[in-house]
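Labels for the chains are A, B, C, D and E, by order of writing; each one numbers its residues from 1.
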């Protein structure tokens, strides 16, 4: 099982490494979103500081959607999905492997965006542990949901645009929780950031369970 | 193609016709009660009449989405067996979701109009309002997923999974007023608590709920029927196509 | 002699069109079946239905002993499918791709090089991104991906397309070897002269149904 | 020339019509982005009102990126780009035609997003003329830059990684100018909105000129 | 007899690899040239270089009187190219696609139906999304797209791939017609028996260079 998961994840990362889409294309895009906001509120550093948590997650959502799209584009290209279906790898492993691949790429994206908000929005980090926990939970939830909805939307020509439509409402709670937890970690909100952080882990766990249980037939196209 | 083919799940029957008549009558009575009989509110004035559409609509939408989820669960269970693959449940899920989306839309529209009158704006970033719009869009996505071309069983399972995940939004909307500090009304009717509104308003609201339920049931029954008829039409067309393929080898 | 594929009055639908319209066919172990017919008669659809990738609407279909209406996933591990498309990750190198495919069908990593050599992908190309390969070279990599899984049932959709003469000969040898070691091969092809040298049986489709069958060898 | 431009634009719109991507999926998704922003900002109404202009343009960027991606996915699929190159249509017409197709789709998107921000972010429009001018200028600039960027990214995989880096400095001024002009139109900023609006027309004009001049060799892959 | 393609010591590079390594070839008007050679010898590269899609690094290349080193865009309007891929918009209907392609090469809209009928795409399929077609049907639509432009130079990369026998015959007729009305045809193909019936000349490549040439007819 673990072996299969790693196999899939490594393949995705290798494709990514060969085409360098994440770091080359998606990360600048995310940075653009941050820069634009910095422009939009240039007069008011206080506002930026307040909104930094939310902006970070909006940028992750934006870039992450592109990543998921690409992860499935690679599979639908040249009929690869059929080969995927014909392989002996069990569906839950496929699901976890794809999620792991996405997870690592989103982490890379966050490693670019994180310093971005620190520099551009002038935030101070009060609670490193919470920050890391929230980032981990949010990224997990995002990857798992993304792969689950990605496979649902895959196999159709319109997948590129149906995916965000399905993904965004499901991810809204993740976005909210991530923002709140980050704001607590930045010391701009007194609320219980840990509750929000744990919420994300719960979301991730639920979707992981659903995904592992249903990926087998979600993979079938016709 | 005759609807009277005696299929177990065809729905044209005297009972549904009666239901239709009752639905029309109930809606008329609801308008009468809501617009004329019930009094204006002390605080809100005439605008309170929006209540009789606003609140029952979302409750019906909740109900419809729960129906979607339950049918989807049944479909997932039944579709494992080859015979009686549970298509019936899939159709019901689709019909209920469509009607639910319509009623959630009605709540949104009436709520926005109401907000314009009482809060002075169409929209507030209030947890209840935001979660409601997310609920609405989630089910729009569900309907979009249902429309993707795919084998009916595959599509049914796919959308069933989505319906089961999406249902989580219903309690979120309902409890949003308790979980977040909101501008929006807290629950005024709930089991085991004294209602906060009184008299004619209370009864009118209850009655409206009944009326909207009847209308919604009628709609669901007929959407179901249309979906079934569409399937029969497709089957018929398919049979004709198969026949014409057989004729290819003249 | 055991039956590998058994289709009876199979109807399959894609996009509202009956791509298989009552197909009856029975294929036994060790055969090399040449599937023929004009464009659009349903050869690809038949192969995909065998692989469990196309749902069966009506009729009975059994593949390698599995009833496709009950479980169309289980037989896949014994099947190798080569479609019109090559199923290649264009960004990966040849060797990387094949190693991944081998691992994904639980094959031995040592077979990777053997498969590439057998089908004639020269060593010079092993570290070249697949995107850079010529059409025939890609086809060879695709065939190697099937070969490495040692399937019991080979489903090949115009495997000779894009291959040069030497490639065709090698492929024919591979198929004959596979059949003689107990595998079954179904290949769709428009080539006429194929029939005589390699295949043991010619099946012609028409309008989504069986039209002509030269019978088992 | 005009005939050729229309031919290309109509073809793109027809492909869209067959897959109903713009109105069916990108537009609802854009609306969701608006909702999500509000969520991320925790419904700080004042902040939303101030930021509405910027948020509008970020949503346009998000949705428009998907549209451009799809417009070029359609071309790179099945080697269509080669047929494009082999056609007798001159490169400037190709460029303008693609831009026109994107322009119309982005306008449709904005027709959904516009009422969206008015209703959701509670903005009041002080200056309709400026608003329309800014929307027109921004959309023009976005379409033209997007197509220019899209064709460069579509060409080869190697270049794809470099070009978003170029797009960031190109699109950032459009977003900035769009936000400022909208803010003036919404009456939340006293600054000269018309200057910003005209800036976008200038950007559009410059990129249109560059695009028409260079599209011929940008189309060539090797 | 005028020269249509004139390559002298042409070197072309793709991805750092010399796909053409000093190719000399001269093709005159009205010829039907059959390009042969093992996989990866540079047939596709040669066709793409003729179409101006692959830049020439070294040597001299003239196509239809245009020096490719000066202008590789101008000759394209007289060239019809069919690659390994079909160049089809999968979302469009067959007819819509062909109407677009016709307009894009400045051809007459009336030719669209004639082209589809000629190549044997049955009327039933004209309003079907291309995505739904079988491999051979797609190939036919792709050929119709070239046919409709009435090119002076046809560059065809394995045009027979995926076509059934009837399709191959029709295509051969089309090519003979085109050649007899003054067009020139270069087609890459791995099929042996092709040479005799249709083509006037067989050119074999090897390692990116000319290897054998049966000479002008």
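The working rule: contacts are C-beta pairs under 8 Å (C-beta built on N, C-alpha and C of every residue); 3 or more make two chains touch, one makes a residue touch a chain.
Just so it is clear, the structure is predicted and the values come from calculations on it, not from any experiment.
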Neighbouring chains common to chain B and chain D, by label: A
Chain pair with the greatest number of C-beta contact pairs: A-D
Most distant chain from chain D by Cα centroid: C
Taking each chain's C-alpha mean as its centre, the one farthest from chain E: B
Chain centre separation (chain C, chain D; CA means) in Å: 45
Chain centre separation (chain A, chain B; CA means) in Å: 32
Where chain A and chain C are represented by their mean Cα positions, the distance between them in whole Å: 37
Distance from chain D to chain A - Cα centre to Cα centre, in angstrom: 24
Multi-chain contact sites of chain D, meaning residues that touch two or more partners: 19, 24-25, 28, 32, 35, 39, 41-42, 44, 157
Junction residues of chain C - those touching two or more other chains: 14-15, 17, 55, 84, 91, 129
Per-residue overlap in chain B, given as positions that touch at least 2 other chains: 134, 137, 140-141, 144, 149, 151, 154
Residue ranges of chain B touching chain C (in the complex, touch as defined): 82, 149, 151, 153-154, 234, 237-238, 241-242, 245-249
Interfacial residue positions of chain A with respect to chain D in the complex: 19-21, 23-25, 28-29, 31-33, 35-37, 39-41, 44, 47, 50-51, 53-55, 57-58, 61-62, 157-158, 160-162, 164-165, 168-169, 172, 175-176, 179-180
Residue numbers on chain C that touch chain B, as the complex places them: 11, 13, 15-18, 21-22, 55, 69-70, 206-209, 211
Contact footprint of chain E on chain C as seen in their complex: 14-15, 17, 37-40, 44, 84, 129, 132-137, 139-140, 157-158, 161-168, 190, 192
Chain B contact footprint on chain A (complex, rising order): 152-153, 155-156, 158, 162, 165-166, 168-170, 172-173, 207, 210, 214, 217-218, 220-222
